[in-house]
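Labels run A, B, C and D following the written order; every chain starts at residue 1.
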Amino acid sequence: MDSNTILAAFDDVARRRGWQPLHKPKNLAMALFVEVAELCRHLQWRSDGEIEAMMRTPEAGEVAAELADIQMYLMKLAAILDVDMEKALAEKIAENRRRCADKTAEVYPG
Amino acid sequence: MDSNTILAAFDDVARRRGWQPLHKPKNLAMALFVEVAELCRHLQWRSDGEIEAMMRTPEAGEVAAELADIQMYLMKLAAILDVDMEKALAEKIAENRRRCADKTAEVYPG
Amino acid sequence: MDSNTILAAFDDVARRRGWQPLHKPKNLAMALFVEVAELCRHLQWRSDGEIEAMMRTPEAGEVAAELADIQMYLMKLAAILDVDMEKALAEKIAENRRRCADKTAEVYPG
Amino acid sequence: MDSNTILAAFDDVARRRGWQPLHKPKNLAMALFVEVAELCRHLQWRSDGEIEAMMRTPEAGEVAAELADIQMYLMKLAAILDVDMEKALAEKIAENRRRCADKTAEVYPG
């Protein structure tokens, strides 16, 4: 399923619900952040080992649904900001490679 | 560029840097949230109209880079949690369609 | 009610529930962020005018409860990191005054 | 230093800078979240033990400054939403005590 198909489904729901006027950059950025927090509700009090165990229970389906929500809001935000994600990813990867080849190692990612 | 290519590039940098032990679920979830905030730094004090104007300046390249970072951490987190994003998106879209067909209208999305 | 009273109440609940081992820096930072998102759920699809109107309805009580949660997690995180908030606030205010007196104006806060 | 003193200092800087029109509910909520992320940049790739060690280095001063920023934005947001934080905290603590006395134990906080 490509990003156009996902966005078309997202927009179709928004149109039927009358939510399209709400889909502006700041609202969508806040929604993206709220969805990341929804995901974190499943992780926040657990160790990495406990998260791994939880992902073998039915709760894993809820985690997958939150990841899908994040993906949809990210795509919608990129679309409304007129950002070409394919191009942005290719440039970011090229930049990371260049920084990696640089002799000055960073202690932590970022 | 498909998600496997993006993940391979992400992991390649991590391997060269020695960051792979840091890529655990909670760290990656926190990184995802920090990247969303990096994006919001470009939006937080601006109106939607000012954001639109900013996206016609060179700062748009920085916004695109943040969106790419969010996308990469999201893919990596899904991979490490062993979530099939294609399947998760298809299920979420189907669920949204069902809720949309339901007569009980929600006032706000979510 | 001073911060020691608030922290004592917070810790008392944690002790009775057996949650004290969960109150470590990274968990608390993630909890802080999740609580900010809980607050944002009341704001995200509304304009500032609509938020003002909502604050004259019973939903205002839920918003107040979220703000209180954020305050408690912030105090607990500061306590566990051994940060003297009184001192940190005094220093931050002094620093902001110095930057404000500086002739080089910043276009946006931060 | 009480919350009125802190708010007065915050507003004084805003007035001199001309930032007061920016201090609206949604902007402040986004700023609060961005400041929490600024704090998390110091924590995200570290274990709780590494965070404890970091808090004995000069970086602890940066962490304290971020905590102060979060506190100031939280107070300003409460003020602009006309929320009495003293009352909100007292009610939240009373509610937590009631839930704690309830026989049905929750596995996780929240």
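The working rule: contacts are C-beta pairs under 8 Å (C-beta built on N, C-alpha and C of every residue); 3 or more make two chains touch, one makes a residue touch a chain.
Keep in mind it's a predicted model, so treat the numbers as computed, not measured.
**Student:** If you tally the C-beta contacts, which comes out ahead, B-C or C-D?
**Tutor:** Taking the two pairs in turn, the one with more contacts turns out to be C-D.
**Student:** Chain B to chain C: how many Å between their CA centres?
**Tutor:** Chain centroid spacing, chain B to chain C, equals 25 Å.
**Student:** Between chain C and chain D, what is the separation of their C-alpha centroids in Å?
**Tutor:** 2
**Student:** For chain D, write out the residues touching at least two other chains, lowest number first.
**Tutor:** As it turns out, chain D has residues touching two or more other chains at 22, 26, 29-31, 33-34, 36-37, 40-41, 43, 45, 108-110.
**Student:** Chains as vertices, touching pairs as edges: which of line, ring, star, complete or other describes this one?
**Tutor:** Its topology is that of a complete graph.
**Student:** Which part of chain C faces chain D closely enough to touch in the complex?
**Tutor:** Contact set of chain C toward chain D: 1, 6, 9-10, 13-14, 16-17, 19, 22, 24-26, 29, 31-34, 36-37, 39-40, 43, 46-48, 51-52, 55, 60, 63-65, 67-72, 74, 77-78, 81-93, 95-97, 100, 105-106, 108-110.
**Student:** In their shared complex, at which residues does chain C touch chain A?
**Tutor:** 22, 27, 30-31, 33-34, 36-38, 40-41, 43-45
**Student:** Write out the stretch or stretches of chain A touching chain D in their complex.
**Tutor:** So the residues of chain A touching chain D come out as 26, 29-30, 33, 41, 44-45, 108-110.
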